[in-house]
Structures are given as C-alpha cells and as structure tokens.
Amino acid sequence: MVDGGAGGRFARTRWEPVAISLGAIGLTGLVGAVLLLAGGFDPLAAAAAMVRGSVGSWDVFVSITLVRSVPLILTGLAVALAFRAGVWNIGAEGQLYAGAVAAAGVGLAGGGLPAVLLVPAVLCAALAAGAAWAVLPMLMRVRLGVGEVITTILMNFVGIHMAAYMVHGPLQESRGVFPQTDAIAEAARLPPLLPGTRLHVGFAVAALLALGMTVFLHRSRAGFRIRAVGASPEAAHVSGRIDARRVLVGCFLVSGAVAGLAGGVEVAGVTHALYEDLSPGWGYTAIAVALLAGLEPLGVLVTGLLFGALQAGAGAMQRDAGIPAAWVGVVEALVILAVLGLDRLRRTGGRVLPGIRIGGGGGA
Amino acid sequence: MTRPLARLGGIERRFGAVLALDGADLEIRAGEVHGVLGANGAGKSTLLNVLGGMLAPDAGVVEIEGRAVRLGSPRDAWALGIALVHQHFTLVPRLSALENLALGAGHRRGLAGDLEKLMARTGLRVPLDARVEQLGVGDRQRIEILKALLRDPRVLVLDEPTAVLTPDEVDGLFGLLKELAADGRAVVLVAHKLDEVLGVADRITVLRNGRTVLTGPSAGRSVPELVRAMVGGDAVDPIALGLTGVDAGATGAMSRPPAERGETTTSARALHAGGVVVRLRGAALADRSGPGVHGVDLEIRRGEIVGVAGVEGNGQRALALLASGRAVPDSGSAELPSGIGFIPQDRSTEGLIAEFDLVENVGLALQREPEYVRGPWMRWDAVRDAAERIRERFEVAAPSVTTLAGALSGGNQQRVIVGRELTLARDFLVAENPTRGLDVAAAAFVHAELRRMATEGVGVLLVSTDLDEVLGLSNRVYAIARGRLHDVPEERRTREGVGAFMLGGTADG
Amino acid sequence: GGGDAPEAEPTLRVALLTSGPVSDAGWYAGAYEGLMRIEQQFGAQVSHQQTATPAEFDEAFIAYATSGYDLIFAHGNEYQDAAIRAGERFPELTIVVSGGGRVSGNVAPLIFRLEEGSYLAGMAAAAMTESGIVGMVGGVEIPPARGTFVAFEAGARSVDPDIEVLEVFTGDWNDVAAAKEATVAQLSRGADVVIHNLDAASFAVFQAVREARAAGRTTWAVGMNSDQNDVAPDVIIGSAVIRIADAFVETVRMWQAGEVGGAAIYASTRQDVIDFVFNPELLDRVPPEIVQRVSEARDMIRAGTLDVPRIEFVEGEAGVR
Amino acid sequence: MTEAELSLFLEASVRLGIPLALAALGETISERSGVINIGLEGSIIAGALGGALGALAFGSAGLGVLTGAAAGMLVAAVFAAFAVGLGADQIITGTAVTLGGLGMTGAVYQARFGATGTELSLPTLQALPLPFLERIPLVGSALFAQAPTAYVAYVLAPMLWYWLFRTPAGLELRAVGEAPDAAKAAGVRVRRVRFLATLVGGVLAGVAGAHLALAHAGTFAENMSAGKGFIAIAVVVLGRWNPLLVLGAALFFGAASALQFFLQALGFDLPYQLFLALPYLLTLAALGGWVGRARAPAALAIPWESE
C-alpha cells in the first residue's frame, strides 16, 4: 500500500478499474449483440471493427485511440479533482470551450514567437481561460450559496455559443467566409510525441498530470485537506481546522483550468484551428470517466483510455461494419451501464462509486 | 407473567468483518421494564434494531407471543406493536417536528390533537412547528420518544434515550416508563448509567461481544457485579456510574493506570499555582442553532479543570468553539495557547470522517503539527504510528488502523477522538460532553485521562450536560444559561444548587 | 455496408462523410442516396461515417485512405482543412468537399448553385405575397446559406422591386423549436411567404405556416434542398431542390474521366442538379404568368444570360459579385 | 414592442416554456425523492419518437401523447433499475441513459423509416383555445390558446404542489429525498418511493417530448430534444423544487428564449450567437438574484442502500 491514508471511501487497487472495464466489455458484448441482431446488423463484424478500430494495430492505437483519450483524460482529471473537494463542477464542457478559444486566439496572434515560447503561452492561455470560466459559478457558490451544479451547466451553454460567436466574428478566418479560424501558427502547435504518428505531447501532459495529481492527493497535506473537505466539511473545520472555503475556491478554479487545458490541447495538438462543435460533449463524458475511476487520477487515466478506445472503435464500426452512428451511441451507453452494473454487483458493502453530493445545496 | 411477550433467540448479525451479534438472546415479558446493558460495541443497538425491524438477522429466531415472525421492515414491527427509539436520531432535519411525527403515521386526522394530549400526559413538550434542524438534541430526543409513543406500542424499545436529557426529564421519563409497564406493556431500555438502569428496570440483560452473558431480575444486583459482567474487568468510576456527591480528587480508582506514566492520584488542586493559559474577555459569538454566548469572561489556569454545566442548547456550542479557537469572537477577545485539543460533542459529523480510516482520521488533526509533515508532504508513516499508539493505549476495538471510522461503535469512535486530541492538548483541552454514550469503562477511562492532563499542567474546559461529571471532575464550576456564564460558588456545588443556576436562566426545557 | 462486387477489375471504393444524421430527409439524406446510387451504378464498394468533431475528420480520412478508398465525398465545408491535409498525405486519394472553399491537386470543392433555385423561388414568393413581406429562416450562417438568401432576395426584387425581406438564423439546422419560433416571429412581422435553409428543423417552419393558415391568414412556405412539396402540400408553393445524388453520380463519372481535382466542381441548373419545382397541387393558386416567367428565367440562367447573385467562397474567386 | 407584438411574444414564451415545464415538473418529483435524473434528455427524445410513432399508428395525436409518455417512462425505468435498484451512481447512469436514448431513438427511427428518414408529417395537436379565458387581454391568447398538453402543465403544477406539501404521501416523498434512513425508520419504502418518483418523472418527460413532436414541430428528427433535458434540470433549481415556482421558472426560461427571435425579427443587428446565449445568462442572473440559498433535497443524487 503506497500511501498510508489512501484508503477511505475510494480505497481500491489501481487495477480494479481495468478489471471492471474488461468484464464490462464482455457483458456489453452480449446485450449489444442481441440488440444489433434485432437491428439487422452483424454483431461479430461490429465487434471485429470495434477492436480493429481501437487497438487493431499499433498505429491505430497510437494515432486514434490515444489521441481521442487526451481530452477525456484531461476533463476527467478536472472533474475528479473538483468532486474530491465536494465541488460539483459539471461545467468542464464550457471551460473546455473557453480554453480552446483562448488557445486559438493566442496561437493566431503569437505568430512571430518561437515554439518554446508560443506553445507554453498557448497552454497557459487555455488554463487561464478555463479557470476564468469557473469564476462566476465559484463566486455564486461561495458568495450567494447558489449550487454550482446548475450554474456550471448554464455556463456550458454560454461557452458553446461564445465559441460559435468567436468563429463567426472576432476570430473568423481571414477571408471571413467560413465559421472557423485560420490555422494557428506552426510554432503554436504541439509537437508530436511519437514522430510519424498523430500522437502529440498533450498525451504526455495528461499522463503526467494524472500521476502528479495522484501523488498530490494522497501524499501532500494540501491534497489530504482537499479530500477531507470533500468528505466532510464539518469535520474538516472542527477537527482539522481547515478553511473549507479556501480549498473549495482553489479546487474550483484549478478544475476549471485543467478543463480549459483540455480545450487548448485539442486545438494546439489536433485541429490546429477553432471550429464550432469542437467537443462532442467530452465535458459530460468526463463525469462518467472520473466517477468510474472512483475519482482516482490514475484510474481516470485508465477509464479515459477505455472511453477513447470506445469512441475510436465506434468510428470503425460505422466505416467497416456499416453500423449507423445512432447505434454507436447505444453501444457506448451499454458499455457505461455494464461497467456500473458490474461495479455494483462486485462491490460487497461500502460504496465504491461515491454518490455525488448535490444535496444540501449551496451553502459554502 | 410466564409466556414472554417477545423473545429473540440465538440472533447473529455480521457487518462485513465485524460479528456484531454472536447468538444473543433477549426475553421480554409484559409488564416489565427491561434494562439492556453492555460495553460499547457489545451489540445492544444491533440487537434492538433487529427487534425493531430495522435489521434482518443473519440467524436466530424472533418470537412475538410465542409465534415466530419475520420482521422485514419497521412496518412489520409496528404491526406487532413494537416501537423503537433509535440511539442515533432518525429525524428529517428540514421537516418540522410535527411533520416528523406525522411521517409514517399515515393518513391521520387530528394528529395535532393527539399530540397535545400525549405531551400533556408525558410532560415531553416540543415546539411542533419548529424545524428539527433548529432544535437542540434534547428536543430531538423528545420527538423520537413521542414518535414511538404515538404508535401506542405494546413493546417500547429505547436505545440510550437519557444521554441528552436533564436530570428532571430523566426522572419524568422513567416515571412514564413505569406507568407504561404498569398497564401491561413492556419497555426495553438501554442506558450506560448503571444506577439509572437498576433504579427503573425490573429485569436486566447484559451483552458482551454480541453474546448474552447475564439475564435476570435486577433486584439485589450491585453495580460492580454488572460492570464485571459487562467488561470482564472491574472498572468502577463513581462519576461515570452516576453515584452523586463524589469528590473529584480523592476517589476514582481508574480502569487502568495510564500507560507510560505511573499511577497518579495527585489532586488537580495541587497545581493551582499554574499560570493563566486561556483568557476570554467579554467574548461574544452568535450561533444560528442556539443562543450563542455573550459577555463571557473566563480565565483558565494550567492544571485546573473548569466545568461548565448547562441544559443542552444554552450556548455550550458557541463557548466550545470560541475556547477551542474554532471560531473568533464577534466581539471581545480570546487569548488562546498554541497546543489546543478539542473533543467535540458530535463525534460522527465533527470529530471523525466516517469514510476515512483511522490513520486518516488521526491525520486530520495532526496535519497541523510540524512533526507529521515534511515540507508540503504528509508523513503518513508517522501518522500511522501515532494512530497505532492511540489504538493500543486507548483500546480502540478496531481490527486495524485501516478500519473505516464509520464502522466503529460510538464508544470506540470516542476513544479515537479522545486519544487524538490528547496528543494535541499540550496547553489546553476543550471537552464537550466527552463521555456521552460511552460505557462505564470508557467513561471512567476518559475521566481518568482528563484528570491526568490536568495533573500534567494542562488547562481543561469541560462543557457537559452531565451534572455528575461536571461536579465530580471540576475545580471550578460554571453554569451556562441563555448564553451567559454564571460562576457557581463552592458551597452551591451540588446537583440541586447547580441545577438552580442552570434553570435560573434557561428558556426552553 | 460495403457489398463486394465481383472482382473483375479492382472495384471502385467510395466513402461518404457527414457531420449529421443521414436520416434528415434533406441535405445529408441526399448525399447518402448518392452513395447508394454509386454503389448500384458503379458496383462500387461504399462506406459512410457520421463524424461528430473536427478531431474525427483527420481520423476518418486517414482510416479510409489507408484501407484503400479511392474517392471520398466529405459532405460539408467543415471538412475542407482536414481534406487538404489528407490530400497532401495521400496523393492517390481524391476528396470532394461539398460546399468547400479550398482547392488542391486532389481536393475539389463541389459547389451547388442552389442560389439559382432560390432565385426562382424568390420570384415565386414575390408573386404570392400579399403583404409584400417575405421571410427567410436559416440555420447556421455559412456562405452557401447566405448565398441562397441573397439570391432569394434578388429573385423576389426582380418581380417586386420594393418587397421587404426578413432574415433570421437560429444557429441550429435541427432545432425544431427554434425554427418554429423564428418563423412565427417573422409571420408576426407581416411576412406571408417564408423560405428556409434548414435541415430537419424545416418541418417546424411548415408547421408554423400551417398554423398561421389555420388562424385565418393566407400564408405560404417554400421548400429547400430537397423536393419538399409533398411534406406540406397545402402550404408549400414549390421547392428549390438540389439533386445531390445526381451530382455525386456525375462527379464519379468525372473522376473516372480524371477530371476531378485542381478546381471547383459546379453543379447547377445546367446539369439539372439545381431546380425550382412548383407544387403541382397548388399550381392553380399561382398566377400563370409567374410560372411562365420562372421557366423563362430558368432557361436564361441555364443559357448564362441571367446572372444570379451569389457569394463566392472558393479560393481564388472574388467575394460577392 | 406594440401590444400585438407583446402578446405574440408572450405566446412564444409559453410555447417554448411548456415542454420545459412538463419535463421539469416530473424532475421536481424525482429530485424531491433524492433522485437526479440526468437521463431526462433520453426520456424526452424517447417521448418524441414514441409520440410520433403512436400518432402515426393510431392516426391520433392524443393517443400519440400517451405512447410518448409510455416511451419516456420506459427509459426512466432503465435509469431507475440502475440508479435506484442497483444503487448505481445517478450522474453516470443518467449520462449513459441520455446517450442510449438519443442513439436508440435514432436507430428505431431509421429502422422504421429507412436510413435516409422520411418527410414525416404527423397528425398534430391543434391549439385548443379556452372560451372566455382566451379573451383575457394580453396574456389570454398566450396562456389559453395553446395545445392541450399546455393545460396539462397548468393543472399539474398546483396538483403536484398540493400532493407534495399537503398529503402524507408527499411528506413521505420529501422525507425520502431529505433523509432516506430516517424515512426508512419511519416505515417508508425508500426504494419503491424513489423508483416510482423516477417513473413519474419519465412519464412527464415523455409527454414533453411528445409535445415537441406533435404540437411544436409536427415531425420527428434525431436529437430534436436539443439539450432540453439539461435545461429542465436547471429550471427545477430555478423553481426551488416547488412545482408552482417551477412552472413559473419554465415560462421565464421560455420568455428568455423567445426574446432572441423577437429581437432578431425586430432587426436588432447583434450576432445571433449572443442572442442564443441570452436565456442562459438571464437564468444565471435570476439564480444569483433571487434563488439565493435555495437548498436541494439533502439526499439528492446520493445512492441509498438499506442496512
């Protein structure tokens, strides 16, 4: 057992998420097969395509699955950190868009700069923008006691429309024709992690962040205080003399920043320009990613990869097995439900998945 | 009465690793008050929860009037005339007292009317329209009891109902229980104050480690005998037993000499020379739930135990928060030392984090101590050692230090907190109802520890609703009423005397 | 799925990318029909993927290219950048980007001159309006959509120079509630003929017009993208149609003749890909001379003697003419 | 705006508010029992498709609403089986159910009408003006010349309010949402209550979806629910978990949404994306302004296990 206090409500070995995920895939296979047959599709072909398209070859795994998992891992980490502190930040989606807009802005403006300066600048801009997008809900929580679940959801919609406005207005491509920005400067783009693949250093950033966050949460005093406040603000204050409000504010902003980073990394690492509909709802999927990982950062790395593989395989299901996109949503849902089901059945006493505590509402 | 009204036989119940009940028996006859005794964690609540339909036993039989029954839910129990008053409150904080009483009472006309009658008859009065979250523990306990009585039960089961009631209320309640028994019902009562139990119970049952070790008439039984049955050893702490009028210093052979330092019987008075360690001047603090405190002038010297007696909800909370440095005074000043320990009254929500293990719960307080951190990092190894020490010295009944705090019985939870806070209390210790819900041995142990701290020159502020505790331990005594402290002069330090001071200022019962 | 045709000569492999469901009975559905026709007529092996995000664009191109597809229809301007990237990486591959704006050796925009259809629609609308106000409800404001509205306006003015034209964008091709309210708002501003440039949400436009009709007003709608005349035969006077499937089939022919790449492909009334078709059930309500003028105008456009205003957005071509 | 325009604006507000109101009223019930159903979106889209198919099959929009309600309930039952029955995390379950709901409806729609869909035109719910009431100046036509489903919402709000706050059953439901263990100790069947409350939420979400398809659009389109499930959840908070206020909040949000189209139609030349963000900004303002410390049910979203 690495860390003395790692136990508590989230005590679980690092590999449990993997085990659960594997079992879940099997279970999903069954239900999914039945449904697909009913829909008149060939489950075996679908499964084969799924595997081929996610882990079929080293190149596919690296260039598609890993690339897909980056925003999921980053937003998942953002959500995990917030939830650990009892901050129910459902706003990763909006914060992601804010980060993407900022990254695109800096990436376009900073044309002259060398990569060593511009890349960090782009990522910092994304972090700052993500945090900024969390400020309003944070203030409403600590000053007015308005629960952040709803305010962050609302900020998501605002963020999406804000990004849309940007690509139609201030940041629109120089020809002023299409709803997108110009390509950001070469020097602003994330270098490839493995040359010859699409995998960019953003993945390394995400992995290191997950590692660092695990150590931080379980080994550092600040991390322990965060967990304490998340588990019981009263006890944290009375027995730990911890200033719950400071922890809450800090985690809210950092969570927003990390979600913003996800957007920045996506723009600087993959799309190299800002478009409408940049995210298919990563910010929401992230909640499932984080909770399935038991809010353990390293677990998020695993579940993020699982979802990345899932989505990569989904694309292949359409291309190679002719399964319509609608069905893909069904399959993804099945996987999540199967993971949940297994998790509950495997569990003997003591929740493994923490219940997100919206109850009690605002009062910081 | 030959045939028992209710009988539980060979009940077993396991919680994960813990075997809470290991073939316990309980036999309840009509017309009796039946006392159930046992150390913390003995299985009393578990057994009564089985009788109340809250818990399904893993094995064993439940018979009502000789008929084997299955109690799948509280509803089943009520149907058979069994009503349970839980040890831990089972009220909905944001609903009014009336709504809580109506809950589960089903469609019922004139509920308020019935309640008025009931309150009049039993003398248990509660403000029906107040939201429960705004009420003190006393009121909450009364609501719980009324809730049970509303069902007009044949078997009334009360799990530690007296802990938070004033002496008068306790007497009132016991009178009521006797009446109920008198008209052919049965009452099952759990309490840790053996003299209380012996006073009211016709028969008793003693549990130890989930087994019934003694059962029979209470007549002619002595406290030490019961203690021996409960804990095996013979811990006799007059204060904890509620034998009144004891002198703090002299008596009180402790359950066990504190580990490292040898036996110490030095009276705390010896150290009166000690310098002032805490100074509150005109301190005031508002408090949402309760009157708060105002104009508090209080000096505590090293080596003395200052007791504050009072009826629940007269500002004890605010006083404790001020003195422990958890809150800064709205007005006035508070000079506090650095090494403060605080034993809060609400162990489950304020003292411990249920889903953290013991190591983490110890770390919760120690993380402010330099020796348990290195730079930004926690020294978990050191914390773990501290937790181990506490577990051994304070005899916490937990499989290991990685047990979740939530899985401990109330008594054992309290031991963890006391152990933890004593290590912090280098200069000053605030103890808020430190023995509430503790069994005799545990209470005796806590009292001994408080005394030891004093003798080592630590100033102690003991805030308690337990008069015997305050009188028995304190060098100086205050009564708190409506948020004001009243110094109780030497000659008035008796149950009656202090009681007068307490009630003198109090508004609510 | 891709049914393998007998391996006489290497089978043609064609893929389609859409960023919306092909079940919209409109813009995307037309493309999917095209793909199916290609499968039948050329015995091609075909495949379709609905992409959700820009991140998937590159993925899809790479996946199709590496599994040996020859021709990819990317049905929307949003694909253009990824198409150029893929085109550079896979020289063998040919990509046709519907409504795209960027050209390279093996990437060609497929531009539908829907303006020509909506110009004719504008003429019809001007003839039908009594209030002298016509409305336009759009989804996302992109050049092709703006273009159709510009042309619609011009067509209307060619009949009634001082006609008033209202314009609203809902920001979503498929949000029926938004489309409905936008239409109601315009009807309430006095518009009595409404044209749309929407996807599935277009049904809500017709619904709103129907309800206004039920409330006693004489109101009309104009179909767009596909022949929607029988969706609401009671209110749609006609539809400006794109025969996407025809255009795709024609494009494959051009590709086989090695004529695709390096320049934009224009599909217009000339190839009959674009047209305006009156709703036969309401033909009697339309002034005959307008039917006449519309068909004359169509011929002039075909002949190139009538110049329909449009928004150019392909690289190298000037802005609005 | 002229008075005519104002009343038209009010009509639009109500039209846009009604589906939200229906879904939010249902969600109010399930949240009061401690269950937050993020899967609401799935129930709404299922209700839309169910409504469309039913209306086609029976040739009656009225019956369509019933089938829509059934479809919404079906989706909610899946959610409840996991979130209530298995005690799985409600947020994850909801996410999955939304994904699955959107996917399954698309799949069924394509299976029924072919891959490229079809130009459905359905029997629609005609507006049903109420005599006299409709003539009330300004608000009359806005409130009382609506589709029948609107009146369902009007009637339901006060009924649910009374049921929640004035009946023993309502008391039990609130107790379950505040303190399930206490409720159980008081003999309330916690799981059953939560299960049924969730189903009720699904039924109303289904009706909301049917309203979208049959009263609003007169057709079905994939993803036509367009995020209304999330907005409905926000509306519940804005309405402080009180059915009457929730109805008001839904209409408020409807007005905020209607505003954008009128400002556009009135020719205000702001980028429309800003108009689109308007409702959410106004809601944020409202939350900050008056909702203040409205507290969610204490046990909201916390899985509950007996013993």
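When the chains are written out, they are named A, B, C and D in that same order, and each has its own residue count from 1.
As a convention for this text, a residue touches a chain if its C-beta (ideal position, glycine included) is under 8 Å from a C-beta of that chain, and two chains touch if they have at least 3 such contacts.
Only a predicted model underlies this, so the values are computations on that prediction, with no experimental measurement involved.
More C-beta pairs touch across the A-D interface than across any other pair of chains.
A separation of 36 Å divides the Cα centre of subunit A from that of subunit C.
Averaged Cα coordinates give subunit A a centre that lies 28 Å from the centre of subunit D.
Averaging C-alpha coordinates per chain places the centre of subunit B 77 Å away from that of subunit C. Residue numbers of subunit D whose C-beta contacts span two or more other chains: 106, 109-110, 115, 222, 273, 276, 295, 298.
Counting only residues that touch two or more partner chains, subunit C has 21-23, 141, 171. The set of touching chain pairs reads A-B, A-C, A-D, B-D, C-D, using the touch definition from the header. By the touch rule above, subunit B contacts subunit D in their complex via residues 54-56, 73-75, 78, 84, 86, 89-95, 99-100, 102-108, 147. Touching subunit C in their complex are the following residues of subunit D: 4-5, 8, 11-12, 15-16, 19, 106, 109-110, 113-121, 124, 126-127, 212, 216-219, 221-224, 226, 228, 257-258, 261-262, 264-267, 272-273, 276. Across the complex, subunit D is touched by residues 21-25, 29-30, 32-33, 141, 166, 168-172, 174-178, 180-182, 184-186, 188-189, 199-201, 203-204, 206-207, 210-211, 214, 228, 230-232 of subunit C.
Taken together, the subunit B residues at the contact with subunit A in this complex read 15-16, 325-326, 342, 344, 346, 349-357, 359-361, 363-365, 367-368, 373, 376-378, 380-381, 383-384, 402, 404, 417, 420.
Against subunit A, in their complex, subunit C makes its touches with residues 1-2, 15, 19, 21-23, 47-56, 58-60, 62-64, 67, 77-78, 80-81, 101, 140-143, 171, 311, 313.
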